[in-house]
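Next up: some structures, all given as structure tokens.
What follows is subunit A paired twice: with subunit B in the first complex and subunit C in the second.
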Partner chain A sequence: MGNEYRIALAGNPNTGKSTLFNALTGLRQHTGNWAGKTVSLAQGNVQHKGKTFQLFDLPGTYSLFSNSTDEEVARNYIVFDKPDVTLVVLDATSMERNFNLALQVLEMTRNVVICINLIDEADKQGIVINERLLTNRLGVPVIKISARNKKGFPMLLDTIDRILTGAIECNPVQTTYPVEIEEQIKKIEPKVSELIGSHLSARWVSLRLLDGDETLLEELSKRFVQEGE
Partner chain B sequence: MDVSKMIKLVNGEKGNFIRITSLNLDGVMRRRLLDLGFVVGAIVEVIRKSPLGDPIAFRVSQTTIALRKEESSKIEGELLLNGE
Partner chain C sequence: MGIQQLYAEAQQLSTAKLRDDIVQQLYDRSNRLCKDGIIYSNSKRDTRTEKLDAIFTSPIFGFPIMLTMLGVLFYLTIAGANIPSSMLAEFFGSLEKYLTSFFELIRTPDWLHGMLVLGLYRGTTWVISVMLPPMAIFFPSFALLENYGYLPRVAFNMDRLFKRVGAHGKQSLTMAMGFGCNAAAVLSTRIIESPRERMLAILTNNFVPCNGRWGTLIVLASLFMAANFTGGLKSLITTGVIVGIVLFGIIVTFFVSWILSKTALKGIPSHYTLELPPYRKPKIFDTVIRSSITKSWSVLMRAVKVAAPAAILTWIFANVYIGDTSILMYAVEFLDPFGQLLGLDGYIMLAFILGLPANEIVLPILLMGYLSTGSLTEVDSLVDLKQIFLDHGWTWLTALNMMLFSLLHYPCGTTLLNIYKETKSKKWTFLSFLIPTVIAILVPLIITQTVRFFGWM
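Entry: the complex of A and B
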């Protein structure tokens, strides 16, 4: 089955991930509005141009670092299970808050599409979003959609398709940190890279090590022991 | 606007606008607050206080978030009198 691809949906709570998921897959996963609603990973398929996209709806989070279970589930999926493409769903009406998560995902993985959802709501509020400018600055496709009204879906599916075929290459922008942090990254990144190979982003793992993120260390040793067996 | 002064978020009164200048927290809680939008330079509005003054609800990047005294006493900012 060479044409099945895994697509993960990440985003802040209440940005419409589940609405998008349901609209695309035709499933009716229950969408309510309370914290931690999406507990396990819901999964559904979409057919597009002879390919099967397996969509995974990740729990809604504001971050992927603060160590709650939801965040860990979402982070581990993106980092270790490596979906072919990760869709980051943003709320068009509060971009500033949502970009925090988007930048974190761009640091972790390469093939990312930024979906700006609730675009009709933003229109109503007079918010104008320049997706071309964002695409240039972020180095990955930025698509405006309305999951509720199924607007922008052909464009979204085509973009995913073109990433998979290599027609679009993603070069996600990397956050630059203050000089002292960058210096430390430079010191440990080659060693990290030696240990983990090209499987994960060495820069990202280095940053987490500098953070003192022990849950990641545990996860790493768990995964690498499994693979080594 | 001329007379600005430093206060802790916990001492803010309803309607105050405070521009954050420092977070004196570490680890996971610091990370979490940063993720929620309590970053240096952000302007926070004091929305309401609970009867005993703890917790306090703040608006930060278009979201209302309530913090306990434990956290809000560790965040400092500049009181903007006109709210900007």
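Entry: the complex of A and C
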């Protein structure tokens, strides 16, 4: 069982997340292109180089704040169930809106692959994406694929594999906030670390506390404080 | 220091502006990344999508197009299903003769032959021959429309109406999902943020017919609704009836949403943006294969799997006598007066009660019940199926009432279970059972009594 790894798929609705999931796992899940089509975590396996990747298809969301049950499901999975790698699927034809989610994931967890889907559609519309520059700016691998036409899969699977073996190290570049916010984060972060240890990113939890995310608070007290006492 | 305390401290440090700044910073960074990392060489924007949307979501053409699409879909289903249906019926009919000879050869007792061949085999194969062809046409066509990106436009059109009855526009999406499966649709209401609007969506989802009920609706409509017509006209009228039934379900959805949002679930609808995805050329082969095989097949298998034990049970009930009446007839006679009041009968009521686990088995159970008291000998075509109904006193009114009851009645067991899991409330689960049941009783009751009062029947 030592070579089974959990891979989570996150992304906005309509980015082809479920198509990618089906294409990789060979599952014939019914997918439709509208918000919230994936209602519970679908799970399927991919074999690659002697490893088993267990893929978890998270509900499509625009953010990972506690706005709806869907967003909480996706966020809780990434933060508390700690997949070995999180794939964030972006739509190449509407990158700007999609990046928000990617940046949020980078604050939450370390091993992230940014997967730019619908790349042939983008080609048609004359959109050229410089994935090297994005990789440098984000500190994690950025890969172009087309899930519908199964393009870029070997590269994607290899990248996951190399993250797992440690050949690629992910160093997500954190979003820096205006000075005032950074100061507040500094005030709370040590106390957060003390309380939750190294289970989660103390910086991210501090940010959420400052943001007043009460459902996360409940989740935290459920999962950590009770056990600790 | 506890986490609560830490939260309180964080709240003191925080301001509304700080919260906005956090989100703003994420947007700014996204914007910079795109500016530096992406080149938009020619501004060949997707104007086709805009042009199509101007038509499909136009306030004038939106609804007529929607109805036409729905109509075309049903027409194709009904007109196209006839030939494969009778071919299947013939095939199963001839197979039955061999089965019977085989049972005679190995000298099985009569009751076993009756239970397995006349009950289980005949009932299930009739259901297969009438339900499989329509499903094999309907599901792939519906999936193609969905794949193309048309269904989110339907949601967009419906959104205007949902706002007006105090519900959330996203309810139209969860409703569309209900056409597939109400149990899954209840889970999909998670996309609705406000608990009030989510509850509305959960309580009314049942009023769109799911996979398990399409079969019943299409079969009854095609057998009874256009009896005096032939050919294309017949299919056209049948189509009209089904479109009408679906529309009626939608009207009930609006009505119930409106009532609830004025009473038990008061509040103002919240705003949201519905993103319309671009139209994408569907992967025709994949879609057709996937939806016809996985969907039609799984619906059918479910019907057969749940129907088989129910069929055997029904057969036993029909053949175990207390005094000179079988158990089945006791139940049927008990339910009959109530059923008659609704323009139905005791068998139909019993079929719906036994059909609680899954809607797919209502029609099979009904057939088994009728078969055990019927006197049909030969199985040749679908006409026999109608004959069975006619022998038990069916008219177009019975068919219409049964279709309405099927459309409106309580959700299936799985859906109820999901509602309980999602709401964690016995009260709301019970209401989601009660509201449809009351409506399902009232509507046929009113129709039947009106028809009888005016002597149309």
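One rule holds for everything that comes next: the second predicted complex is superposed on the first by the 222 of 229 C-alpha atoms of A that agree within 3 Å, B and C clash if a C-alpha of one lies under 4 Å from a C-alpha of the other, contacts with A are read in each partner's own complex, and residues count from 1 in each chain.
Rule of thumb we're sticking to: a residue touches a chain if its C-beta (ideal position, glycine included) is under 8 Å from a C-beta of that chain, and two chains touch if they have at least 3 such contacts.
Note that the structure is predicted; figures quoted are calculated from it, not measured.
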Touch test for A:Ile160: subunit B only (first), subunit C only (second), both, or neither?
neither
Which partner does A:Ile188 contact after superposing on A: first (subunit B), second (subunit C), both, neither?
second
So which one touches more of the residues on subunit A, subunit B or subunit C?
C
With both complexes superposed on chain A, which partner does A:Leu217 reach: first (subunit B), second (subunit C), both or neither?
second
Just checking: does A:Ile119 make contact with subunit B only, subunit C only, both, or neither of them? Give me first, second, both or neither.
neither
With the two complexes superposed on chain A, say which partner A:Arg137 touches: subunit B (first), subunit C (second), both, or neither.
second
Output check: A:Thr175 vs subunit B and subunit C. Expected answer is one of first, second, both, neither. What do you get?
second
Touch test for A:Ala147: subunit B only (first), subunit C only (second), both, or neither?
neither
Of all the subunit A residues, which ones make contact with subunit B and with subunit C?
67, 93, 96-97, 100
In their shared complex, at which residues does subunit C touch subunit A?
1-4, 6-7, 9-11, 13-14, 18-19, 21-22, 25-27, 29-31, 33-34, 36-46, 143, 146-147, 149, 151-152, 155, 170, 173-174, 177, 180, 184, 187-188, 190-193, 274-275, 277-278, 280, 283, 290-291, 293-295
Contacts from subunit B onto subunit A in the complex sit at residues 28, 31-32, 35-37, 61-63
In their shared complex, at which residues does subunit A touch subunit C?
13-14, 28, 30, 32-37, 39-40, 59, 67-70, 73, 93, 95-97, 99-100, 103-104, 124-131, 133-134, 137-138, 148, 175-178, 180-181, 184, 187-188, 191-192, 194-195, 206-207, 209-212, 214, 217, 220-221, 224-225
Along subunit A, where are the residues that touch subunit B in the complex?
62-63, 65-67, 93-94, 96-97, 100
